[in-house]
Every structure is written in structure tokens, then in C-alpha cells.
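Have a look at the structure below, then the notes.
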Amino acid sequence: MRAVSVEEAVAMIPAGASIMVGGFMGVGTPERLLDEVVRQQKSRLSLISNDAAVPGKGVGKLFDATLVSRLTASHIGLNPKAQQQMLADQLAVDLVPQGTFVERIRAGGCGLGGVLTPTGVGTSVAEGKRQIEVNGTTFLLETALRAQFALVHAFLADYLGNLTYALTARNFNPVMAMAADTVIVTAEHIVPVGVIAPDHVMTPAPLVDYLITNR
Amino acid sequence: MDAQTIIARRVARELHTGDLVNLGIGIPTLVANYVPPELTVFFQSENGLIGTGPVPEQGMAHPLLTDAGGRPISALPGASTFDSAISFGLIRGGHVDVTVLGGLQVDAHGHLANWMIPGKMVPGMGGAMDLVSGAKRVIVAMQHAAKGKSKIVAKCTLPLTSTRPVSLVVTDMAVIAFPEGKATLLETAPSVSIAEVIAVTDAELVIPDTVPEMRI
Amino acid sequence: MRAVSVEEAVAMIPAGASIMVGGFMGVGTPERLLDEVVRQQKSRLSLISNDAAVPGKGVGKLFDATLVSRLTASHIGLNPKAQQQMLADQLAVDLVPQGTFVERIRAGGCGLGGVLTPTGVGTSVAEGKRQIEVNGTTFLLETALRAQFALVHAFLADYLGNLTYALTARNFNPVMAMAADTVIVTAEHIVPVGVIAPDHVMTPAPLVDYLITNR
Amino acid sequence: MDAQTIIARRVARELHTGDLVNLGIGIPTLVANYVPPELTVFFQSENGLIGTGPVPEQGMAHPLLTDAGGRPISALPGASTFDSAISFGLIRGGHVDVTVLGGLQVDAHGHLANWMIPGKMVPGMGGAMDLVSGAKRVIVAMQHAAKGKSKIVAKCTLPLTSTRPVSLVVTDMAVIAFPEGKATLLETAPSVSIAEVIAVTDAELVIPDTVPEMRI
């Protein structure tokens, strides 16, 4: 792990990159990283995020600045800007059931090619997907999902990069921290090694590539 | 009593001590208000919490503790948090005893459509498809009709949420289940007649010999 | 959740039952439950456990008492009794790579039909299994695994059934606690509700069916 | 210097600061003893720990903190624990930078056999197949020959652990890699000649123009 400034970290992300961003309706999202992505005008992003949040908050800021050209998400209903950009064909949207969304990312992070899920069988979600029968039950084959970068928000980070998350801000963060080539983390508090007990670590240090230093 | 209260109170009677329950947005959220205090029911918020409590008092909200809509909630003693993989493992794996969801249409076989209206906004299915596929019991809580049109239809015209039939539909007029794949009238709301239910139901209803009145 | 004595809990398990038992080489195994399984002589068990431990410890006790007729595990090399029973055809053994073993149990607990893993492709592990190609890479389809009972050992349990595990005694316990019809738990310490912080709970209370009371 | 020490010291030189490393039982375990103190290397124990430390002092062992063989270990400051699903997610998902494993045979293409000898005891593969399939680099640490027979063979006669070639083989006589799928002699052990390596190697070896001596 390396400790870097938010400017240095975001400078590593090229335009057109695929990025996973933690958070659920903007809760548990690395706001400082997104503010800097907007400031550096990183465009044509492929965004993988549970939802589009709301304008002005979380990944919503990326739609405010029209920086996203492709979105993989489970829900975008509360962000009218994302809806408008989708209807105007400025934004390609791949809608995925939320449980499938997280399993695909987990598969990507855990070296699995995919998972068999009952969710979506017989619905429009099944279109174009392989169906596989196991013991008489039909499942959809949902394939692994990875990104070049994961932008993760933790509650505590120690000097080695061990992370914990708080309350409902955990959500997709620990799963995404395993599923990207480069993992960049902001934390509410950076603490000395040993402050986080081994049993409380939710993302082990070796998964973190860059930790954003305090201002 | 208004329609929403009738529905929420009736659904609450379906819950038992020890149940893990997921409530969708809208009418389902109201169900929590009518659970008898002597029941120990665990409410899950699919963004990563079991043990959701009421909206916190002024000044006590924490920005990192919200429901699936991003609104501040509280956590009861004995609450637990987890990531989204576990949250949907609980849902898909059948560990959620009851999910209560809103509906756009339910058809004569119990199929639910509740996630999109083609040609209109496409919000995305969120967790609805996983909940209907995985929860032990799926209860739809919705108005019986909207804009004069029955929401209990012969066959869903809107895209299905799952091909798995729901367990129960509770409306402001009736309680309907689907034994042997047929919509069957179990109860009528207070001061609603069987004939009135049939009149505003597009789906063909099986009417048992006795159809008691809802206890709410 | 119900609090019961160890005698009552084990009495629920019929002979011939399938049981998952937590632990890794006997670390994190519910010894009190196994002692009682032996005392009640529950025979012909289908055991799903990472390993066979060693004689006298953990699931090793079940082989000492020749109570197991089928074993699904990743490693049995340190228990000569299990080896002998296997070679004498008293014990059918299904050996599974450890990462596949835990993913199959996780799939069983999370409602997935199975997962696609690269582990074992082209080896004897692949025999009789479907191979599925995703984006040019071949994976084995490994199907979900469940049991009638999971015997789980926690470090802390609260009065509702929330569990935490300690250090390397966590291992397979939280995954198995999701993958059985009935989950029976022993804990090193039973504590009041609230002692375990929400963020530290590793197995949420609704997953636990029975908690064994202190002696 | 004995054979095991030569191997362990040479393997230790393959590790870099920040690496997540998994050491198998036997010779691989010894590698931890030779990591220079200025390197921050994370050692994983696949039973659920990153940050394994040395055997605890007398009276300080904890029964719930062991290595994958069930022996007491300690945890360094900054250690973390996790369940087996995460542990093998780390392994299969390519998050382990280096795995060091023992071997029964490695063939001319780098295929490893290390988990069973048909007709003898069948211990089970444990985590070996996942490690060889998933770790970024796979290093085999083993004696060059056993009972007078080369363990570097033309083609494995024992069941394979994985069809993925290993990255490097370090023995008491040589360091061998597999560029373009061909066993290639990279280094010889101190006071071992190229001819001696060839003489005790069943597999055909590519011999580059310069073959330096191992630095250990």
C-alpha cells in the first residue's frame, strides 16, 4: 500500500476507465475521490455502482458532470439526470438485480468465472444468458464482473491498509475492494496499526493499493 | 381506516416471533408500525442491517446508518450489519422468512410484476427480483385497484419480477392466495362484500364456501 | 432462536443425518456437541467438514466412534482412523479442493445453484463434472452443498443468537451457519444483547436455531 | 548449509515488500525465517489469517490461533482474520502474490503433482489445487531428487495438482523456470555444476548461455 494525495490517486485513472464505486444511495461512497474525478474531468467512465444515488451526492456527482458513458447498476430510479442521460442515449445502462450485481463482483474478486442464480429466470433479465439446470432446477449463469479501479470508502484504515466499515456504509465496499486491478481508499479516520483488532478487519491490508492521506 | 392502514395492519398479522422480515418501500414500510410489541421480529434493510429501528430523534441520526432509500434509521439492541453479499445471501438463500413488497400487477397464478412499466421510466429492479426468488414467503401489499383498473389481473401485461408465484396478496379489499396455482379469495376487508371484490378483480377468483372478514 | 441443553439439541439429530461441522483441524469445532453425538451414538452420519482432524479431537471423535459413513472434506491425511475406515470401505470419502469446498457450502447457504471455478480443471477433480467456458476460459461447475444440521462453534453469542468468532477459529463456521436446515451453536461465552457491537456480528441472530446453554 | 536451508534462503529472495505470501507445510514454512527484516511481507495462513508470526513463547499460545496444521502461531501487529470463503477468495482471486509449495514431481512444462500417490494413502488436496490455480506466482520448493530419482520429470506420472504451470522451481541444486513452456535452468546451487544438474534431472533442460550461481 502507498499513501497518496487525492490528486495523485485520481490522476492515475485514465478517461474511459472502468471504475467500481462503493456505496448505497450515496452512503459509504468515497466523496473526496468523486469530487476529484469531477475536478479532473475524467470522462467516458464505465461505472459499476449499485445505484445512481441522487444529484449532488455520491456517484450522482458523476452524472451531474456527464462523465459516465456506461453504467452497470441495480437501480437508478432516484437520479433524474441519469434517467435523462439514458433516455437521450448518452448513457448505456445495464440493469442487474442487486443480489446478482454483488455476486458478479464477488465472483470477479474471488477468481470465480460466475455463479448460478435463480434470480431472473423467466424474466427479461434472462435474455441472452445461459440457463443451466442443476438437480432439476433452472438457474441463470451470471458471469464475473471486474473493473480497472475500485474506489472504496472505509470508516477506519490503519497505516498498513487494514479497513473497517461502519453500519450500513459497508454495503458493496469490501466486495469491490477485491474485484479491481487497483484499489483506492478513503477513510473517515486513519489510525495506527493495532487500533483495529484482527477479528474486526473487514478488508485485509494487502488488498489496498492506495490510501488517500488526510488533507 | 384508510386503505394503507388496512393493508399494513393485516400484513402485520402474518408475522411471527423470530421471523426475519424485509419490508419494501411504500405501504410495506408501514407494516412495522403494527407489529404487536410482544413479538420479536427482525427487520432487515437490504443495504446491510438486521434490527432496523424507528427514525432517530432529532439530532441523533448518523449519516452512515440509513435504510435502502438512504433515509436515516436507528438500530435496535441486538442489531447486526453486514456487506451486500451477505445481505443478498440471506435473501436468496431463504433466510428471510417474509418479504413484503408493493405490486403493479399480480396475476391469477400469483405472478408479480412490480419493477418496470415499458415506455415509462426504467428505475431498475433493485433487490425485488432476489426477494421474490428467495424469501420463504412473499407477501404483496398493494391497493386492489389503481385509477379504476384492477391490479389483480388474469395475466400480467407488465414484465414479471419472478416466475415464482407469491404467497399472499393483501389489498384494501381482500386477502388472496394461490393454492394449486389459482387465485383464491381468503378474506374480505371489513364492510366489503364478496361480490364487490369479484367486481373489481380482473383475475378469476376461486371463492371458498366460507370467506371470513379480515381481522385487522 | 431457542436456548437448549446439549442433550436436547443432539437428540434432534437422527441417525443417518447429514451434518456440517465447523472447524479446521479441530480448531473452532463445537466439541461439546460432538461429545454428545458420540454419547448418544448417532451413527451412519454424512459428515461435511474441512478435514478429519486427529483422533480424539474435533470431528476426529466421530471417527474414533465409527459414526461416519460418508465424508465430504478437503483433507484427511492427519487422521489415520479415517484413512483406515476409508481403505476398509466403511467410509465413503469425497475429497474436494478446500476453496471449492467452502464455495459449495456458501452457494448452498446463499441460494446459488453453484459456482464456476478454475480449480481442478484438467485434474482428476474434474471427472464427471460439467465444464463451462466463459470468455475463453474453462471452469468447472461445482454445485451447492447443504446439510440437515450445522454444528457451529462461536466465541461470543448473545441472548438473541448473534455470533462472533475468534482468530482462526472462525474458518468454516459462519459459512456453514447459512447452509443447513437447522443450526445448532455452542459458544465460549454467552453474553447479554448489546455486548457485541452491530459491526462485529459475524453471524446474525436469525440464522441460529438453537444455542446450547452453559452447563 | 543443508538442502532445506539452501532452498528456503533462495526462495526468500523472491519476496518483495507488500507481497501477500502463502507458505505450504514442510520446506516452504522455513522460508519465513529468511525474509530480510526490512521487507514488509504479509504471510497468509489459509485457515483464516494474514499476518502470521512466529511460534508463541511458552505459555502465550492461544488454542484459537493456529496455522493450517493446527499448531499454535502468533499474529503480528496489523494482522487480520477472516472466514474460509474470504481466505480462498484471496487465493483463487489472485490476491496472493506468491505461494510456495512442496512438490512430488514437476514436469518439463512446469506442471506440478503434489497431492497424491495412487495406491498409497490419499490425504486429500487441501488448499493446494486452489493455490496453484489462483496465486499470482507459484514457487515449488523441493529437493531436486528423492531416493535417487529425479523429481523434475519429463512428464508427471502422478496426478496433477493443476494444469497451470508453476512459475519457478527452487531445489537444493538449481532454480528452474518455464519460459515458453520449457524447463530452463536459471541458476545452480553453490558448488553444483551444470553437468551435475543435468545428470540428476529427468526432464530435458534448456541451458542458457550464462547460468549464474544462486545467491543465498
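Going in written order, the chains are labelled A, B, C and D, and every chain counts its residues from 1.
FYI, contacts are C-beta pairs under 8 Å (C-beta built on N, C-alpha and C of every residue); 3 or more make two chains touch, one makes a residue touch a chain.
Only a predicted model underlies this, so the values are computations on that prediction, with no experimental measurement involved.
Undergrad: Hey, how far is the Cα centre of chain C from the one of chain D, in Å?
TA: 29
Undergrad: Just give me the whole-number Å value for how far the CA centre of chain B lies from that of chain C.
TA: Measuring from centre to centre gives 34 Å for this pair.
Undergrad: Calculate how many whole Å lie between the centre of chain B and the centre of chain D, each centre taken as the average of the chain's C-alpha atoms.
TA: Here chain B and chain D have centroids separated by 54 Å.
Undergrad: Two or more other chains touching the same residue: where does that happen in chain B?
TA: Touching at least two other chains: 49, 75, 81-82, 85, 88, 91-92, 133-134.
Undergrad: Residues touching two or more other chains, restricted to chain C: which are they?
TA: Within chain C, the residues that touch at least two other chains are 103, 106, 110-112, 117-118, 165-167, 170, 198-199.
Undergrad: With chains as vertices and touches as edges, which is it: line, ring, star, complete or other?
TA: other
Undergrad: On the basis of the stated criterion, which chains touch which? Give every pair.
TA: Listed by label, chains in contact pair as A-B, A-C, A-D, B-C, C-D.
Undergrad: Flag every residue of chain D that touches chain A in the complex, lowest number first.
TA: 18-20, 40, 42, 49-51, 75, 77-82, 85, 88-95, 97, 133-134
Undergrad: Provide the residue numbers of chain A that touch chain D in the complex, in ascending order.
TA: Interface residues on the chain A side: 1, 106, 108-112, 158-160, 162, 178-179, 193-194, 198-199, 201, 204-207.
Undergrad: Write out the stretch or stretches of chain A touching chain C in their complex.
TA: Those residues of chain A that touch chain C are 103, 107, 110-118, 130, 132, 134-135, 137, 139, 141, 143-144, 164-167, 170, 198-200.
Undergrad: Please give the residue numbers of chain B that touch chain A in the complex, ascending.
TA: Residues 45-49, 62-70, 75, 81-85, 87-88, 91-92, 121-130, 133-134, 159-164.
Undergrad: Over in the complex, which chain A residues touch chain B? Could you list them?
TA: Per the touch definition, chain A meets chain B at residues 24-28, 50-51, 53-54, 73-78, 83, 86, 93, 95, 97-100, 102-103, 106, 117-125, 155, 165-175, 202.
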